[in-house]
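Next come two complexes, and both contain chain A; in the first it sits with chain B, in the second with chain C.
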Partner chain A sequence: MKLMKAVGNGKRGWSLVILGVMAALLLLPVVVALAPATSLAADEAPAQVQKGKDVYFKTEGIVSGPPAPQTTAKDYPSYDLPYPLSESRVIVWTIAQQHLYFGSFVLAVPIFCMIIELVGIMSKDRTVGKRYDDLAHDFVRISLTAYSVTAILGGLLLFTFITLYPVFFTYLTSLFKPFMHIYALLFLAESGTLYIYYYGWDRMNDGGFLKWIHATLGILLNVFGSTLMMLANSWSSFMMSPAGVDEKGQYLGNLVHLLHNALWNPLNVHRIIGNMVFGGGIVVAYAAYKFLSAKTEQEKAYYDWMGYIAMFLAVASLIPLPFAGYWLMREVYAYRQQMGITLMGGLLAWLFIIQAVLIGALFFTVNYYLFNGMGRMRGSEPYRKYIKYILFLTTAAFLVWLTPHTLVMRAAELKAIGGQQHPVIGNFGVMSAKNGAVNTMLMTTIISFILYQRSNKIIAVPWAAWGNAAMIGMFAVALVNNWWLAIMGYFIPANIRVGLSVPQVVGTLTCLFVGLAINTAMMRGAKLTGPIEWGKISVRSQYGLFALGVSFTWLMALMGYIRSSVRLFWHAMEVFRDNSPWAFTHAIGFAANVMSFNVLIFWIFTLFVFWLGEFSSHKTVPSMVDERQPVGLGRPVVAGGSK
Partner chain B sequence: MIPGKVGLAVGTVAGIAFIRWATSGGGTLNLALALLLTAVFIMWLGYMIPPARMILVSVGFFTLMSGIFASYSNWLPQVRGEVPVVVVEKGGGTKPEDMPADKLAEKGAAIIFADPGALEGQGKGQCPLCHGFKKGALSERAPNLSGIPQRAAERVKDPRYLKPDSVQTESFSGSGRATTAVEYIAESHSCPNCFIVAGYGVKGSNDRESPMPVIYKPPIELSIDELIAVDTWLFYREGGDVPPASEIRAAYEKFIPAADRKEAPKVEAPAAPGPVIAMGTDTPEDMIKKMGCGACHTIPTTANKFGAIGPVLIEKTNAPKRISSPEYQARVKAGKAHATTPKQYIIESIMNPSAFIVPAFVNKGNPDVSIMPPDFSKKFTYEAVEKLADFLLSIDAAAASKDGIKIDKDGRKAAG
Partner chain C sequence: MGKIWIPGMMPIELLLILATTFFVFVGVGWLLKTQNRSIPKFGQAILIWLTAFVILKFVLYPPIPSALMKTYMGLITLVLFLLVSADEESWTDFKRPILKTLAGETPGYRGVRTITLVALPLLAGMGTYNNIVPKFEEPIELRTVHPAPPAAVKVHDLKGGDKTFTLQTAQNPFRVDEDGQYSRDVQQKHVNDNPFDPNASKYMQYVREGGAIFFQNCHFCHGDNLDGRGMFAFAFNPIPANFSDPGTIAQLQETFVFWRVSKGGPGLPREGFPWASAMPPWEQHLTTDEMWKAILFEYWHTGFYPRTWD
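Then we have the complex of A and B:
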C-alpha cells in the first residue's frame, strides 16, 4: 500500500532517477581507467617515439611525459615567518593533516550511519529501531558541518601545494590530471548524495520502500567516499612506490599502472578500516562530551548508550586494523626491504615504539571503560574479581609489546656494536614475541567484553557448564599456542619466524568469533539480575572515552608521519629527489610536537563542530527506558527485572 | 584552600611564566612539558568558570593527553635523519688511486657508518641497516660481513656460484662473472641478484632473488670512487693485504655499464648545491664558519677577529644591556621586537635582524632595515640557533680583552 502511494506520488521515480545518475557517475573512474591510455595522453605524445621501462611493472612503454624535475633550493618558496613556519614542509604538513582528519571523519561517519540505519531498519522492536534511526541521523548532522570544513581545508591544501611546492605539484598533476578531474566530479556526486541523504531523512522515513532507497543512498554515499579516498591514496602511494613511470620519472602512458602501484591496495584497505576506527573515536568523544554536559538523566542515559555503541563499532573496526597494517608492511618489505627496515628497525623504529605505547593505551582504555561499564549493571559483582588478572596479563603483554628489537644508534655506537642489532636487546622483541603480546592484549579485551555481556545475567541454558568449559578450553589453548609460538620465535631463523603470525592470529580470531558466538548463545533466555542503568556510568569512564578519541587521533598523526617520512629525501621514491632545504627527517621530538599541535587544532575544531551541531538540534533525546538492544550490540535487557 | 579568584590569578601568572620559560629556554622537550601545564591550567580555568566548564575541561583534557604523548616522544633518544652527504676527503677530490690505504679505508668507514659522533644512524651506504660487521654480531637480514675477503675468495669457487640459478646471472649482458674476491664484492654491490647467499633471498624466491638494492643506483647511488673506499675498508680492517684501488676500479668497471658510472667529482662540483644549513649537530665554530659571521662580526674566543661591519659579539655583556635600553623598549612597544631574555634577544637578532638594530649600526638611508642578511631564519635549525645563542652568551667583555680585542663605545671593534 505504502509502495503504491509512493509510486503515486512519483517519489519512486525520482528516487530511481537519482540512483541511476549516481550509479552512472560511479562508473566514470572505471571508464577512464579502461580507456585507451593514448587518448588521454594524446596531447603529450612526442613526435619522436621514445621508449622507457616501468620502474615497478618492468614493462616497456612510450614516454608520454616530462622527466621528474631536478629541483634546487630555489624551487621551494617559503614564507618569511619565524621558525618552524619558515619551513614550508611544516605548513603543508599541518594543513594536510587537518584535511586528512576531517576527510577521514566525513568518510567514516557515513559508514557508521549506514550500519546503524540498517540495524534500525531490521530491528523488530520499532522503539529500538527508531532510536537507532535517530542515532544515525544525529551522526550525519555532525558530519555535515565537518564536510564543509573538509572541503575548505582541501582547497587550502591545494593552494599551499601550488604556492609552496609548485614544481613538485606541477609534476604530480602532469601524471595524475585525469584522476584529479574524476576526483572533483566524485566530490560533487558525494556532496549531492550527502545532502539528499541528510535532508531527505525524515521525508523518506516511511518505513517501507523509500526507507530502503534512503539506506541505498547511504551505501552509495560510502561508495563515492571510498572511491574518492582511493584516488587520493594513489597519489600518496605513488610517492612511496612509483609505478607507471621510468627511472627518470617519465610517464609511460599507462594510467592503470600509475594508479595500481605496489602499495595502493594495501593502503586503501588500511585507510578504510583506519577511518572507521577514527570515526568511531570522534563519535565516542562526542557522546562523552554530551554525557558530561548533560542536564537531565534522560540525556545522560542516551549519550551513555551512544558512547557504548560508538565504542563498540570503533573497537570492532580496530580488531582487523593490525592485520591490514601487517599486510601493508609486508608489501612495503616486498617492494623495498630497505624501506621496511627503515620503518621497523632503522631511523623510524622509535616511532613504532611510540605506536606500541599508543596501542597499549587504547587497549587499557577499552578495558577500563568496560570495567566501568560493569558498574552500571546489578549482578556484575561476581565478575569484577577477574579484572585484576586481566589487567596483569594486559600489562605484561604491553611490556613485551613495546620492547624494541633494533635500536636507532649513533654512528659511534653502531660502529662499536658492529651492526644494527644490539647484542643484548637484539635478542628481545622479535616479531613473534610482539605478535604474541598483541594477541594476548586482544584476547584479554575479548574476555573483558564477554564478562561485560554476562554482567547482569544469570545463564539459564542447560548446557551452560559445557559452554563455559568449551570457552575456557578455547581461550587456554589459544593463549598457550600464542605464547609457545612467541617463545619458539627466539630459536628459529627470521624467515621461518615470519610465518608464526598466522597460527597466532588464527587463535585470536577463533576466540573472537567462536567465543562471542558461544557466549551470545549462552545468554539466550538468561535471567536478568537488573537492567543496564544507562547514564549511571562513572564520569571518569567518559574521560576514558576522550582518551580513546585522542589516542586514535594521535595514532593517526603518527602513522601518517611514518608513512610519509619513510620516503626520506625523495618526493617520489627513487625517481624524484627532494632538494628542498627541508629534505632531512626531523627528530621524533619535533615531529611529536607538530603532531600534538595538529591533534589539538583538530579537537578544538571538532568541539566547535559539536557546538555548532547543538544550534540546529532542539529535539529531545529518545528515552532509554525499556530499551532493547539487538543481538551483536549487547543483549536484550528489560528494565525492572526479568520478563 | 586558595580562594578562587586569587588562585586563578596566581595560576594564570604562574602558567604563563612557566610556558614562557619553557618555550624560550629549552627546546622541544620543554615545549612538550609546557603542554602539560597548559592543560592543567585550562582545566582549572574551566573549573573556575562554570558556564564554560565543559568546553574548557574538554580542551584541557585533550591538551593533557597530547602533552603526555609529546613529552614521552621527546624523552626518547632524538635521532634526525640527514640527507646523505657525500664524503670527500680533506684536500679535495683526490682519486682513490692517489690515497694511502688507511685514508681510503677511513673514508670507506665513514660511508658505511657516517662520522662517529654524528646523529645519523648510518652513513650514505646504509649498509648496517641489514649487515652485521663484527664477528658473532646478530645479522639476520643480510650476511655478516666479518671475514668477507676470505669468504669471497672461496665463494667464487663454490659450485653453487659457478652454476647460478638466480633470476639474473650477469650484471649486464656480456659482463661475465666474478673470478676473484675483489670482483665478487664488486659484483655483489653492482648485481645483488647475481648470487644470493643461502637463506638471504627474498621470501618465497627460494634464494633466487636478492632483497639488496643495486648500490650504484638510487636510492643509495654510491659512485665508483666511494665503492672503492668501502671495499678497501672491508679488506683493510681484516689486517691482510689490501688490493690496490686500480684493481677494485677495474672490477667495478667490469660490472657497471659505462653509461651508468657515476663520476665522483660530480658531488664535488659546485653545480646546484643545496642551501647551507646550520644543524644542531654542528659546533658553534662550524656554524660561524658556515654562515660567514666573521665577515662582519668580531667574535672573541674564536678565529674571527677581523669583522668590523657589525658589533663585536660579547653577548654575555651586551645582550642584557640591549634589552633594557630605551631604544629596544621602543621597538617592543612598536611591536617590532619581542625578546625578554638575553638568549631570546640573540635568537631574534639572528632570525630577524631588523627587529632591532644597535643604534650605531643603523643604516642612515634605510633605518628600519638591518644590513645583516635577512634569511638566516631559513638557514638555521631550531636546535642550531639555540646552540649558537648559548655559545654567544658565554662570551663577555673580559674574553674580548683577553683576546686583545678593543671595543669602542658603540660596540664596534676599535682599531689597533
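Then we have the complex of A and C:
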C-alpha cells in the first residue's frame, strides 16, 4: 500500500523498478540453461567418465545421471479402494486434469485481461474505454480465486506423484530438478505480479503513464505465465519424445537438449493458443450464466455484451488452433510413425472422431450465435437469407469432417460394403479431405461474422460495389482453391500433400484478414439502421454460448487423454517402460466417462469460483447505453428500451 | 442405385447430389414464395429431413453402416434446429403448429394431440424394447485398421536370421536410380514406363520382379487390380486391404508396409486385439529382397507414393 501511495504521488521510478525486477526474473531459465551442466545437474562427479549417445539429437555426452529404473508392480503403490480408484493412474489422471484446467484458466484469463485493458486504453470513447476496463478488472478478480485453486491442485498433484508414482517421479526430478526450481520461483514472481496488477488497478488508473505501466505489468504477467507453462510442457513432451538422455535413460548433461525435445515447441504453441480459446470459453460461459440469471435489463445488456466480446476473442484464437494442432500432429508423425498411427489411424483414432464432432459443434455454435445476434440489430433482415447457404456449406463440410475412414459396423454391414472402407464416403476419411473441410468451415464462419458486422449498417462508401465484388471474388477463389487442393491431395506423394495445407491455410487467413479489413473499411461512415440492442438476444443463443464453454473443456479432456495415452506402456517413450499393473490403454467408453467426470467436476469448481467472485463485491454493472447513437433513432440500446 | 456411382468420382458425386438437392429446395421455395404459397417452416424441416434420409439411405450405395447413418441423421436434425431457430420470426413460425397442436381446441387439433401423445410414449417404449431385447446379430465392431507398428522389426528371426529394420529410418533398397542410390523421385520419373521394356531402368526392372512376386503370392487375395478383391477375397471378413484406396498404403511409410507384409496377421501388436487378419507372415515364405520388391510394385502399380517426411 505504501508503495502504491508512493507511485500515486508521482514516483514513477518505483513502478519502473518493479517492472525491471519482474522482467529480470524472466532471465532465470536462460541463466540456468547456460550454466555449467555439472554444477546444477550432476549429483556428484562421476568416478569414471562414461559416454552415451543422445536418443534424439544423436550427440555424444557424458553420462551424468542414473539410468531409467526397471520397475516392477511393487513400485506402484495404490489405495485399497474399489475400482477404478484402486488404479493409481485414474487418481493421477483426475487430479492432473483439474490442475491443468485451472492452470489454463489462470493463464488464459490474464491474456484476456491484457487484451481488453489495452482495448480500453486505446478506445477513443472514454465511456466505452471505462466499460472495457471494468470488464478486464472483473476478470482478474475471478482469476484470483482460480489462482489459489490452481496452486492447491498443483500441490495435490505433486503429492499424488510422490506417493503413487514414487520411482517414476524420482527419475523425472533427477533430470528436471533445475527447471523445477525455476518453475517454483517463476510461480512466486507471477503471484507477485498478479497481486500488484489486481490491487493496483484503481490506483494506477490515472489514464496516463501509470496506466501504461499497469498494462505492461499485465503483459509481464502473461509472459511469466507462458514461461511457466512452457517449462511444465517440457516434462510432458519429454515423456512423449525424450531427448538429452541416452537409450538407457541416463542424463547426458545438456539441459537445453532435455528441454528442447522434438515435441516441445509444437506443444507450446498448441497449448498457448488452446489456453486462449479455453479462457474465452470460460468467460463466455460465465457471461451466458449471468445473462440467463440476470434480474434487470441493464444486467442482461451488460452480460450479453460480455458474452459477445469473450466469444469474439475465443473464436479469434480458435481460428489458428487447427493449424497449430496440425503442426503438432505432423511433428508427432515425423518423430515416430508408430505414435502418429496409434493416434490417427489406430487405437486412439476413434477418439479423434469424437474430437471432430466437438470441433464441428464449436463452429455450428459460433455461427448460430452470430445468426441470433443479428436479431438484436434492426436492419439485419436482408442478410438473414444467407443463413441457409452458410449452414448448408458448413453442414456439407462437417459431414466430410466427421466421416471416419474406418467405419464402426457390424460384421454383416462390413460384408455388404465389401471391405473396411466405404467406396464413397470412405474417401472422406483421409487428411486431404479433412483439410478441405475444416478450411471451408472456417471460411463460412468468417462470412457469418462479416454479415454480422454489416447487420445494422447501410454502406455509404462510393466504392461499395467494388468492395463487394472483391470480397466475393476472394472468397470464391479461396474456396475453389481449397476444394481443388483437397482433391489434388489424393493424387500426389504424401510429403507434397502435407505441404498443400499451406496454400489452403493462406487462402483462409487471407479471407480472414483481408476480408475483415475490406469489410471494416466499407463500414466507414455507414448509416446505422439502428443501434445494437444489447440484451435483446434469444435465450437459445446463451445456451449455445454455455455449450461452447463446455465443449472447450470436453475437447481439452479428450485431447489431453489422447496426447498422454499415445505413449501406451511407456512412461518416457522407448526409454522408461511403465510396468504398473494398469499399463494398458483403457477402453474408449471408460476413458470417455472419466473425461466427462473431469469436465463435470471442473464446472462445479468453476461455478464455485464464479460465486466467490460475486460474493466479494456487488458492483452495479456498467450501463450499455451508447452515447454515440445517432440522434433521431429515439431508442435506448438497453434491452426492453425499445418497448 | 448402385449404377449412378462412377469409380473415382464417387465422393464428389455425393457432394454434388447434396448440393443439387439443396438448390432445388431453395429454387422451389423461392417459386412458392413468389406465389404466396410458402410451405410452413415445420413442414419444410420435415421435408428436408426426409429427403436427406432418402439420399443417405437409398441413393448412397453400398449402404452405409447404421452407426454412421445415426450420426449423419443426428447432424441433419441438429442443423435443421439451428436453421429454424436462427431468428425469432422463423422460430415462431416453426413452433406455431406444435403449439397449436398442444393447445388447439378444435376437434382436429384434439385428434392430432391425442394421437401424438399416445404415439410418442409408444415409440419411446418401442425404442427401449428394441434396444434391450437380446439379438442374434453380431455386435458393432470397433476394429482398428491401422495397427501401430513397433519401432524396429527383426525379420526372419524364426529362420535364424537377425536382420533388424528401424521403421523410422529404413528405406526400400530397390527404390533406386540408375546409380543404385536411393531416390524418392524415381517412381514419379518412371510412372508411365513399361516394366517389360528390355531397356527398362533399374527401378523398372525391380518393379517387374516385384510384380512377378505379387502375382505369384499376393494377388489371390489382394486382386490383380490391387483392390482387395482377389479370387479368395470374399472368403474373408473383412476382405483384404484395398491398395488402390487412398487410405491404405498411400497413407503409410514404406517400412510400415514392410512390417505388415513380413509379420502378417500373427505379428500384429496386442493392444488392439482381435485383429481379424488372415495375412500370413511372409517372412516365412519370401526373402527380405522379395518382400521389398513386391512393395515397390504395389506403389508403382497403384500410383500412390509412400509417406515420407522432410
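Heads up, the rule we're going with is that the second predicted complex is superposed on the first by the 590 of 643 C-alpha atoms of A that agree within 3 Å, B and C clash if a C-alpha of one lies under 4 Å from a C-alpha of the other, contacts with A are read in each partner's own complex, and residues count from 1 in each chain.
The rule is simple: a contact is a pair of C-beta atoms (placed from the backbone, for glycine too) under 8 Å apart; a residue touches a chain by one contact, two chains touch by 3 or more.
Nothing here was measured: the structure is a model prediction, and the numbers come from that model.
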Touched partner set for A:Val424, first chain B, second chain C, both or neither
second
First (chain B), second (chain C), both or neither: which does A:Gln338 touch?
both
Looking at the overlay, what does A:Pro462 touch: chain B (first), chain C (second), both, or neither?
neither
With the two structures laid over each other on chain A, which partner does A:Leu391 touch: chain B (first), chain C (second), both, or neither?
second
Touch test for A:Ser86: chain B only (first), chain C only (second), both, or neither?
first
Scan A:Ala433 for contacts with chain B and chain C and give back first, second, both or neither.
second
Have a look at where A:Thr403 lands relative to chain B and chain C in the superposition and call it first, second, both or neither.
second
Name the contact category of A:Ile588: first (chain B only), second (chain C only), both, or neither.
both
For A:Arg540, select first, second, both or neither according to whether it touches chain B, chain C, the two together, or no partner.
second
Based on the A-chain superposition described above, do chain B and chain C contact any of the same residues on chain A, and if so which?
333-334, 336-338, 341-342, 345-347, 350, 357, 408-412, 414-415, 417-423, 426-427, 493-495, 568, 574, 584-585, 588
So, in the complex, the side of chain A touching chain C is made of residues 333-334, 336-339, 341-342, 345-347, 349-350, 357, 360, 364, 367-368, 371-372, 374-375, 384, 387-388, 391-392, 394-396, 398-400, 402-433, 487, 490-495, 538, 540, 568, 574, 584-585, 588
Complex contacts: residues of chain C adjacent to chain A:
5, 7, 10-15, 18-19, 22, 26, 60-68, 71-72, 75-76, 78-79, 82-83, 85-88, 91, 137-151, 167-168, 184, 188, 228-229, 237-239, 242, 245-248, 250-253, 255-256, 271-272, 303, 305-310
Within their complex, chain B touches chain A through residues 27-29, 31-32, 35, 54-55, 57-59, 61-63, 65-67, 69-70, 72-74, 76-84, 109, 113-123, 126, 128-135, 137-141, 144, 146, 199, 202-203, 211-213, 217-219, 272, 274-275, 277, 351-352, 374, 377-382, 385
Of all residues in chain A, those that touch chain B in their complex:
70, 72-73, 78, 80-84, 86, 247, 289, 292-293, 333-334, 336-338, 341-342, 345-347, 350, 353-354, 357-358, 408-412, 414-415, 417-423, 426-427, 493-495, 498, 543, 546-547, 550-551, 554, 565, 568-570, 573-575, 577, 579, 581, 583-593, 595-597, 599-600, 603-604, 607, 611
